[in-house]
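In the two complexes below, chain A is the common chain; its partner is chain B in one and chain C in the other.
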Partner chain A sequence: MISVKNLSHAYIKGGNLAVNNISFEVSKGETFGFLGPSGAGKSTTQGVLTGLLKQQSGEVSVAGYDTKKVQNERFNKIGVSFEQSNVYGKLTAKENLDFYAKLFDVPTRDSEELIRLVGLDGKENVRVGEFSKGMKHRLTFARSMINHPELWFLDEPTTGLDPTIAATIKDIIKEQTAKGVTTFLTTHNMYIADELCDRVAFIIDGVIKLIDTPKNLKLQYGQKLIDIEYIKDDQVVKETLKTIDEQDRKRIGEIVNTYDIQTMHSKEATLEEIFIQVTGRGLV
Partner chain B sequence: MKLLSSYIKEMKIAARGFYFYIEIVMAIILLAILLFAVNETSSSKSREYLYYDMPQEVIQYMMEKNIAEGNSRFAESVELTVKPTEFEITNQETGETKSYNFEEAATFELQTLETLDPKTGELVKTVYITESEEDMIRIAYSESKLGAAIKMDETGELSYRYYLQGYETDRMENLLYILHNETPDVIEAQKDAQVVRTLDITEKLNNRQNLVPVFIAFMGSLMGFFIVMAYIYLDKAEGVIRAFAVTPSSIWKYLITKIMVILSTVIVSTSIITIPVMGGQPNYLLLYVFLLTTTFFMASLGLLAASFFDTLTKSFGAMYGIMIALMIPAFSYFIPSFDPIWLRFFPTYPMLQGFKEILLHGDAGYVLTFTFVFLAGGLVLFLLANIRFKKTLTV
Partner chain C sequence: MIKKLFVVFKKDFLTSRRDFMTVYIMVVPLVLAVIITLFAPGLNDTTVNLAMLKSDDTQHIEYMEQFAKVELFSSVEEMERRVLKRDDIAAIAPKGDGYEIILQGNENDIIETYAVMLNTLYELGSTREETTAQLISFGRTVPPLKTKLVNMLISMTIMLSGMLIAISIVEEKFENTINALNVTPISQTGFVLGKSLLGGVVAMAGIICAVLITGFYDVNWFMILLVGFTSMMLSFIIGFLQGIGSDDVMEAAAGVKMIMLPIAGSIAGYEFLADNWQWTMYWSPFYWAYKANNMILSKTADWGTVLLCTGIVIGLSLLVYIAALPKIRKGLS
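Moving on to the complex of A and B:
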């Protein structure tokens, strides 16, 4: 569904490359996570893929269309949800979606149904200027589904949403994925990526460091850990120890035999920890 | 269908915002000014400074003759103080230059004569008579007005030497030359051959109607230019251009709907001003065609300008500069003798002249020519704006 070969992009001619010679492919029906901290090149890549930025080099094919050629009809197959909500504040939620629906050449979804889907029931006829930031974000997200997209670009879809609404959004993404929609998810939230993505790419400084499934990454880079809390000299002490390390295993036995244990939990390495391990950088 | 849908959406947004009402309210205010604050007849009077180089008895005789014929009347003498000044004057016939340096301020007691319209008896000109040619030159220069020395030779023939300010048109100079240096037959022949559009038209529009072309030209052009930029910046602030860019619809459709909104409002605002003042006098078909093409041109210019900035604040300097420049041709409109060639390259110059022609059933060829010019120019600007917007869609 998406094929990118040797893509580079600079905002100033001859200046630093925001994206540096990256290549990857996304299969039909796949949820592909594009992960990295702010300024890593995620949004630039998505900008080129969605046609908002002019392709400067490499070969890019999106939904069967060569992005170097201007073919507006390709957007009939594509949905884009932006990180910054961008809806008309002077129009109501319904008017926003109805207007947008008329711009497509394919059958579109019912605006009221979409508004209900993202939990904005009863707000159909309220002007968006009166919405909170989170509500506008949900409307932007709903709008991206109006044309039954085959390929869906989601840029930080749960940013700024409360946990309940974020869970609803995640459920909608899962539903769409189950229907065979290909999703290109740009985020710096590793928990969402871990939960939703079939494969993830780690990008930093415009370069893709690795691409793999979350499961493989955990197997390859992750280590089983034990968080242990115990009482020593009337103080609560916390230690995190690796179960595969001989010295740490001896230490676990020593603590258990010597001290009063308060809590003890085993855990897997998170994608965030793996990202730091692979790139040497955090996600903020 | 997409275009219609976008247009309806834009009209809804415009109707819910205040920019739309600015233009309508502005039109109502301008109409009120025209109807209640501007008299139909002109109260403006021109002033001239004259020196009669002839015996006092002859001067007295000429004045009394004029007064007896109802062409003039004496008014109270005027005391005029002028500052120290220094300037040069050039004789156009010989090319000779003469310098004047007046180091002290001076006060003059000027005999005043008012020239009247022979038909209506209304005041049209005030003439101040000086005691010497040098006084006349100094006062005319200080007041930036026309001065003349009138001399009578031994045969009783009058000769005129005019002192102009330097910015007068060739037409104006030729007119003065012909009036005083040719025989009545030659003047008649020259009158037939002259095309002095501005001066001719001014006579036919009353004072109130004379302001209508200025109001509608600037309402369409300046407001169109400014409001289309404001609409674009509102959309940029909301990020909706990027959302539009990822639909199968084209950016040019987005841009043209902005112009369509401007055209719709300008029809309303122009009608508010024109119909009550002009009634059924103008050719409204030509008026609206010219209005739409000129507004299209200026709104396209606004779109192009808006593509270079992100916010209204950042564009303010450029926008203000352009708007001020576009207003300069109004000077030529109100002062027909000020008509330098460079001024004709400002788009608002032919706009003002074109609207004037329409209101008077004047030169339709001139109007149609510039209708085509503004349409073609507007299309070029629109295409450039379209290219710019495609390039500047940021992520």
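Moving on to the complex of A and C:
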């Protein structure tokens, strides 16, 4: 569904590359997570894939269309949900969705149904200018589904939402994925990526460091971690150690023999921890 | 494509209706048209006011009433008090064998001359029928000042339509909705044309209403709409450029006003510059549009001149469009 070969992009001609020679493929029906901290090149990549940024190099095919050629009809197959909500404040929720629905050449979803789906029941005829930030974000998310997209770009879909609403959004994404929609998820939230994605790509400084399934990554990088809390000099100290690492194993024994243990839990590494391990950088 | 243009237009019209400034822009030309209509009867009123004594010769009073508005007073003192009021009025009072004309001193020269000449003609016993001059009338019933005001109103309506586009673009930028539109099947050209449609409809409706309200029913409508349509181009380009280059509505409105100032100046140039300096205003499409509209409203226009003027308007606007196109495209991306 998406094929990217040797894509590079610079915002200033001859300047630093925001995306540096990246390549990846996303299969039909797959949920692909594009993970990285702010400024890593996630949005630039999504910008090129959605046609919002002009492709400067490489070969990119999205939903069967070459992104170098201007073919607006490709958007009939694509849905895009933006990180920052972008809806008309002077229009009502329903008017917003109805307006966008009329711009597509394919059958569209019922605006009221979509509004209900994202938990905005009863707000159909309220002007969006009166909405909270989270409500606008939900409407932006709902709009991305208006044309029954085959390929769905989601940029930080749960950012700024309360846990209940975020859970609803995640359920909707799962539901769409189950229907065979290909999803390109851009996020710095590793928990969401872990929960939703079939495969993830770690990107940092415009370079993809690895691409794999969350399960494989955990097997490869995140085995047998132990969180230990102990008392040292009247203070609680916390350490996370790997049981497969010789030095860490010695350290575990040393702590157990020397200090008063408060808590000790074995755990699986999170994607975030794996990201830090692989890239040497955090996600914020 | 056409369907999508109307979708954008409908959305823009709906949002504009919910914004005070855009409603103001749409309504103000109509209000001004009504004001011009209300004040027009007085625009070319050259009636001279005369004060006379009730005791004056009836024949004298009746003679003067044929050519001036006469107010009658019981005494010379009353007449003098009337003359000293703010407006222009000349008093004619019998004195000895003749008459004296009493003036405040600050009247328009024509008032004094008119009063003196009229009284002289009465004293000589002249009548209107005695003239040897043949009266030829072109049948114009509209005061020239009214024509100029309506023409200026048309120009203003077109300039305001550009401001409407600028405000609409700024709002799209502020709400970041241009990105959302860029991931729909509507093309950038479709978006630009859809946006222009709002300005176009408002401008054309404004022109039609202004012309109708001010009573120019019998103008050549094809001509006036053709000139209006072609002169909209420059206004729209300015609207798009200002919309793209501004961060808020006030900045966009101020920017459009600043750019429109020299353009409005070219209209003033048409009215006030001597013939040998008119060429200095040839750069402005609005100069040619104003010139064409002036002839159309005065009913002296012929198709050759109108087409020449509109051709120049299109040519000049196209030059601006070619120069501005890369910036507009980049700004809307």
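To be clear about the criterion, the second predicted complex is superposed on the first by the 247 of 284 C-alpha atoms of A that agree within 3 Å, B and C clash if a C-alpha of one lies under 4 Å from a C-alpha of the other, contacts with A are read in each partner's own complex, and residues count from 1 in each chain.
The rule we apply is simple: a residue touches a chain if its C-beta (ideal position, glycine included) is under 8 Å from a C-beta of that chain, and two chains touch if they have at least 3 such contacts.
As the structure is a prediction and not an experimental result, all values here were calculated from the model.
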| item | value |
| --- | --- |
| Superposed partners chain B and chain C on chain A - clash or fit | clash |
| Touched partner set for A:88, first chain B, second chain C, both or neither | both |
| Partner chain in contact with A:52 - chain B first, chain C second, else both or neither | both |
| Chain B versus chain C as contact partner of A:102, first or second or both or neither | both |
| Partner chain(s) touched by A:44 [first = chain B, second = chain C, both, neither] | first |
| Interface residues of chain A shared between complexes with chain B and chain C | 50-52, 54, 72-73, 75-76, 78, 80, 82, 84, 86-91, 95, 99-100, 102-105, 127, 140, 143 |
| Parts of chain C lying in touch with chain A, wherever the complex brings them together | 3-4, 7, 11, 14-15, 18-19, 171, 175-177, 179-187, 333 |
| Complex contact set, residues of chain A against chain C | 50-52, 54, 70, 72-73, 75-76, 78, 80, 82, 84, 86-91, 95, 99-100, 102-105, 127, 140, 143 |
| Footprint of chain A on chain B - complex, ascending | 1-2, 5-6, 9, 12-13, 16-17, 238-240, 242-250, 391, 393-395 |
| Chain A residues touching chain B - in the complex, by the definition given at the top | 43-44, 46-47, 50-54, 72-76, 78, 80, 82, 84-91, 95, 99-100, 102-105, 127, 140, 143 |
